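Chain IDs A, B, C and D follow the sequence of writing; residue 1 opens each chain.
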Amino acid sequence: MSALLWALIALPLGAGAALLLSGRRWNALAPGLGLAAAAGTFGLAVASAVFRPEASAPLFAGVRAGLRVDGLSAVLVVAVAAVTTAVLVASPGELGPRENRGRFFGLMLLFAGAMTVTVTATTLPPLLMAWEVMGATSWALIGFWWHRPDRVRAADTAFVTTRAADLGLYLAAGAAMAGGVGSLDLTALTGAQGGWRHVACAGLVVAALGKSAQLPFSFWLSHAMRGPGPVSALLHSATMVAAGAYLLLRLHPLLVATGWAAPLVAWTGGVTALALGVVAVAQRALKQLLAASTSSQVGFMVLAAGVGDPSGGTLQLLAHAAAKSALFLAAGAWLTSLGTEQLPALRGAVRRHPLLGAGFVAGALALAGLPPLSLWVAKDEVLAAARAQSPGLYALGLAAAAVAAGYSVKALWYVTRPLPHDHDHDHDHGQEQDGGRRGARGPTRSVSTPVVVLAAAAVFLGVAALPGLSGPLRGVLGGGQQHAPNPWEMALSAAVALAAAGAAWWWLPRSAHAPRTASAGKRWAADWLSMERAARAVLVRPAFALARALAAFDDRAVDGAVHHLARGGLTLARGAARADDHGLDGAVRAVAAGCRRLGAWARRPQTGLLHQYYAQAVVGFTLLLSIVLLVR
Amino acid sequence: MNENLAALLPETILLGAAVVGLLAGSLLPRRRQWAVAVLAAAACLAGLAATAWTMATGREQTVFAHTFAVDAATGLGRLAVLGGLLLLVAMATRTVRSHARESEFYVLLLMSGAGTLVLAGANDLLLLFAGFLLAGVPAYALAAFAKDGRGTEAALKYYLLGALLGTLMLAGTAVLYGAGGSTLYSDLRTTLPHASPALVAVGSLAVLAGVLFKAGAVPAHFWVPDATDGALAPVAAHVTTLTKVGGLIGAYRLAHQVLWGTALDWPGLFALLAALSMSLGNLAAFFQTSVQRLLAYSTIGQVGYLLVAFPVAARTGLAQQSLLFYLLAYTVTNLGAFAAVTALPHARTLEDYRGLARHRPALAAVLVVCLLGLVGTPPTGVFLGKLEVFQAAVEGGYTWLAALAVANTVASLFYYLRWLAPLFRPAPHEQPSAAHRTAGRGPVATACAAATASLLLGLAGGTLLPLTTGPLLR
Amino acid sequence: MTFELVLVLAAGLFSVGLFGALSQQSIVMIMMGIELMIGGVIVAAADFWHFLAPAAADGQVVIVVAVVAMAVEMAMGFAVTTALYRARQVDTTDMARELKG
Amino acid sequence: MLTLVTFLPLLACVGLALAPRSVPDRVCARVWAGTAAADLALVVGLWVGFDPHGGMQYQQNHPWIPAAGVGYHVGVDGLSLPLVAMTCLLFLATALYSLRETRRVRSYVCLFLFLQTVSVGLFVALDLILFFVFFDLSLVGMFFVIAGWGHGGRARAAALTFFLYTFTGSLALLLGFIGLSLAATPHTFDLLELVRGNPLAGQGLYAGLVLLALGVGLAVKTPTVPFHTWLPPAHTEAPAAGSAILAGVLLKMGAYGFVRIAMPLLPGSWRRYALVFVIVGTVSVVYGALVALAQTDFKRMIAYTSVTHMGYILLAVGAAGVLAGTDAQARSLAVTGAVVQMVSHGLLTGALFLLTGVLHDRGGTYAMDAYSGLSSHAPRFAAATGVAAFAGLGIPGFSGFIAEFQILTGSLASQAVATTCALTGLLITAALFLRALRHMFLGPSRLPAAAPATGFRDLVPSEAAATVPLLGAALVIGVAPRFLLDVVEPASRTVTQLVAR
């Protein structure tokens, strides 16, 4: 049975590596091969979901690399494979024949393989390895068009931020080992003694929050939008950001065991959902809006993990994955065809590409959490569990749901406006506005079909979670004390969603024409709560200053060139240089200079005059005599 | 009253060859004076054979009423001196070829060698002084062999300092005779402890002055730089190497037989001498430009390392073994370096040695082996010697001295590398410069032989070490 | 002439010789100083032999060695002085200062 | 068998040196590559016949200087076999890389063959004096490589600083060895007997002094922070192959010394002063990373990252000495991590330095801001450097992660605070490598003035053949580490038991 699991992992990773190395040589064949591999993975995923294989290999001394497909990971493995296949179907449309498709498809498959390993890992080392490989592939994918330095800088920021959070996993592994859990098995983490359990849990929580772009790490997601459309669709909507939430869902017993972790996670999820929802509302670009909404929706999953409702969280994850990947694909297609992602400029985009537009509308409605659709059902499940925990959380969830409705309707409103009169003028205007790359080529059929399929999935998934039919789903996920949402809660949330949607639909036309007097709060929200500026001020700038000071100290110590410091222009350094040349190597050079002075002094007695030799010799011997006589 | 002349075979061979050489020199025409060189070489080889025979058959004995001891120390001394003489003769063939007094050069060399052997084996103060004279006076003459301004000045300084300190040594002998009633070490050993310490101190220190002059240690080192710089390269080699071997073995025998018994703190004095010699030798060598003067200061430094074995002589058996082996390795390595200098008569300053590796790779390799050997990098003989000396020092409780020696070794690296690094730098002009013209195949072959011997000593040192552990005879 | 008086004579000779050697410029005068020092040693050796150990003949051998040393040193001294004079027409140590540093 | 592996390069070196001057340069380079390949094959043979649980194997013990207690004793166990294999692989890589060398090829090849013998000799030596002999000869060899074939005008000054600094360290080491041998009765320098006898068990102060001497000697060679200032100039001035060997092999001699000599021979004082080594290690990690972050010269930056990687080893080795609050499994994990880090750092930094050699060969300068968008000119070069950089910052799938994970997991138990600080080293290393990649390889294309008109040539086959196997080896260790860990783990368990006794 374990061969199935190894195949499931080996196929994407192997195919991805092959395609990556091939680069441009098989540029034409790359999409076909990539799609074949993705389809194969999907088939294997379904098979492994049914058979639930388990495999493990020796890795370190006493630590095994264990993989297992259980209830939770079965669903996710299928979801990941499905979304990957859908996105790869849409990718050729996005990437022209001139692009290095081998590299793109290779990286996407590598990412899919890494996500599968993350989902199925049962011990910490494979989880950590897959986690880091995901970060690296996301760096490569965001910076795919590396000719533009700003895109690469965005990729760097994303990678460094996620890696900073990933340090938590290293910490967790060390703490587990210290706490006596030699095997580093995830389920055994609760057994760690004393303080080490808290440290392990803290490390895992930080890593999960970092990966899922929760507060305070969410700013990297806004940079991640610089990547190609399909990348955002796969990574930054369905899989990578969900990995953090999935980890918290799986480790709920540990969160409860430590006592403080569960409420913390729940409240973080809730606050993120609300705050990032507000940020989404304040955005003017479609992809930034969708990115912020992703963070807020993942906030719901983290809330579910905090309150201990794996089935609700998973349902939310699935529904959101379908809806958001559809929306991102559509946004990406529009970015390539219309050359812009600014909402005002996208006015009437639905009418221009009807099929694509329909998919976008369906996805947006699902995202808003309107009654019959899947996200509404999932949200109710989560809110029910939250209400059982604490009313405050329930209120927070409801507010976040309302805001969610708000921003989805905002996107819908702009996109469904009637086509403005000067149809073609609009095209040229939007040409180079924000890096739209190529001419206005209509999105081919290969993009529209996946969008429609995903949107359909987002709509109908809700049915599976209806109270009557939620039994089998909850069985698959491995049950646990669930709070089925009673009817009045579902009705209340539906009402809230509808009210918020209506209010937004009514208010938007007024604000669209009103003069732009953005209040301070709005600007703050638009700038992603200026988290990045805070992070840069608190961490990055002092790190660089310290680095420059140390390097100057070391350089001055190494070649002692004071002019090097002056050229550096550090006033602090000039003060230190004036003090003295104390550096590390300075001490050594002082010794060398001392020896030089000693050397000159030692040569002085050799004057060449014999009588001075005589005198010195006789004095020398008399001194020795006195020493021998006196020192007894 | 053992009168067995056979025990002094090597010394008699050398003196006999000297006399025959002198006579032959006056008879042979100038073109065929080189025969004396062959005679000298043959004498050295015969001496080596005799030494090997005495050491193999274990015939340790004291002759002529215990005034001369033939034991491990003498054996090693003979090996070093005779081997050194052989290298010197081979090295000097080109320098003194067709010189008016070519044969006298070799005769003086042989006599000075014999004197050094006497110094090494003397078991009596008077015999020690006789060795001092026999080793010293021919060396003064050799220093002025070239008869140029620099040579005569070098001889002058060497002679005058030798005369003053020789007289001091004689005075010391007289004082010790007064204090101990005899000049024989075995008698002095019993009588001196009862004599007044002040008298013993004055007498012993005066005698030590003479011996330290021969070794070139600090208070009596003033002649070393000037004599080495002024004299011909082979003579400089002889003066700084062979006389040092005789001086140090004589000093060790004197200290071991006589001084340890007295109630004075001689180990402390020797430790001080070692520290002073080491430090002054290495520091003064830092910014030398003349090659021979740099080597002179390096030999003063090496005496410092050799003296480290003296203060611990009473406490550990390792001291004698380390001293004798280090002396042997030092002789070979130092003569190798001087042979390379002899082979390049026109290269007098460090600057002249720039880019030597390109045209004279063999000489460059010899310099690398010998100079890094003098520093003590493995696998040369001096590394093993230094290892033994450091081990003896640490075991004898003088760890601070060993640490100072380590510091000095690192300091010495600086001026050796200032000489070595330019060898490999690309020469400014393509065709070999005038300075790189060698003085013929003789010195080059000697240099290579010496360098290989130094490496062999390093690698196969283990076989020689047991020879050095025999007790000193009363 | 008691033991101590002769010793004082020897010491006197030795110190005068030493002063002569240290203070003089001309090489020959330095050699004369060294002569006096050796003279002092001879007197001291004779004194020790006569008063302390007249039985053994060691003292006389010391005197013989001293005389030999005197002869050898002087011979060598004059040879070096003449060689130096021939090479550089110089007979005082202050002029011979080319080798230094 | 081991003696053959050690002295085969020396035979080739002597053969070449004595060969007539008419031997063309290309033949010399080929002979070097052939010898290196043969040596590697022999080592692979050794590895196949190696029994992981057999302790010290392939031993040869002949008396060299019995009077001084010095013997020619060589042997290989779990700690030294991987290092020997890595050394031979790295020398083969540099041999292939130097096929296009033009400056005085014959002596260049002889020097590197000599260096190979000396390096392999050091790792197989089981006698303190034999260890010291090879330790010193490696300095001499590297001095002449830097002085003779260095780039800039300051090559000689850098070589002199390097030699003086490390020679002082080696003499401190010698004093330590002498202290060790004198404590044993009868005086011996043999490593195994000293381990069995554990002579310095009782004496507190004396053992502390000996550990200080050993520590200083090895710390100068590993470069930990206070003694590292010789590394950057030595690297920037050394030729590419020279700095690859300097970073790949010579730095390991110091780290290996800790594991082979300091820990087993001085367990008591090692445990007492383990905290000192942990602190020095952590400071090296953070200090090295920060200073590397502020560098503008690519090669100096990589030199400083070596200080960081060596800092990790010191942290692991120090943590393995602290018994409180941790168990044997964690400590042996840390030691295994340290050994794997030595191998991984050798492979990765060796490859990185060879690639910087390519950079300097094409562009004439190491300054990062002189280049931009190189991947459009030389995609294969960009890919190789990218992979090496990512492996260097510890991306899973490469040996770097395997080493650093074990080190951090093993050390956190007893040194929580120090390991947490060391974690930041991971982050800073990631940031500085990414910044370098972004500056030089991505973005709009711009070449330095010194670059030839033909633009930036991509990797030529000899350079690719030199760097790709190294990265391949790192990948194999990263993906399937068991083949290496099976050899190292038993040996690190024995070292941990020795320290704990």
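Here is the rule we go by: a residue touches a chain if its C-beta (ideal position, glycine included) is under 8 Å from a C-beta of that chain, and two chains touch if they have at least 3 such contacts.
Note that this is a predicted model, so its numbers are computed, not measured.
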Central subunit by CA centre of mass proxy: D
Cα-centroid distance, chain A relative to chain D, in whole angstrom: 35
Chain C and chain D: spacing of chain centres that average the CA atoms, whole Å: 66
Distance between the centres, which are taken as Cα means, of chain C and chain B, whole angstrom: 27
Whole-Å gap between the CA centroids of chain B and chain D: 43
Contacts with two or more other chains, residues of chain B listed in rising order: 156-157, 160, 164, 225-226, 414
For chain A, residues contacting two or more additional chains: 603, 606, 608, 610, 614
Per-residue overlap in chain C, given as positions that touch at least 2 other chains: 21, 93, 96, 98-101
Those chain pairs that satisfy the touch definition: A-B, A-C, A-D, B-C, B-D
Complex interface listing, chain B residues touching chain D: 321, 357, 372, 377-379, 383-384, 387-388, 390-391, 394-395, 402-403, 406, 409-410, 413-414, 417, 421, 424-425, 461-462, 465-466, 469
For the chain A and chain C complex, residues of the former touching the latter: 603, 606-611, 614-615, 618
Interface residues, chain B side, partner chain C - complex: 126, 129-130, 133, 137, 140-141, 144, 147-157, 159-160, 163-164, 166-167, 170-171, 173-175, 177-178, 181-183, 225-226, 229-230, 288, 293
In the complex, chain B residues that touch chain A: 156-157, 160-161, 164-165, 168, 197-198, 201-202, 205-206, 209, 218-220, 222-223, 225-226, 263-266, 268-269, 272-273, 279-280, 283-287, 411, 414
Residues on chain A engaged by chain B in the complex (per definition of touch): 595-596, 598-603, 605-606, 608, 610, 613-614, 616-617, 620-621, 624-625, 627-629, 631-632
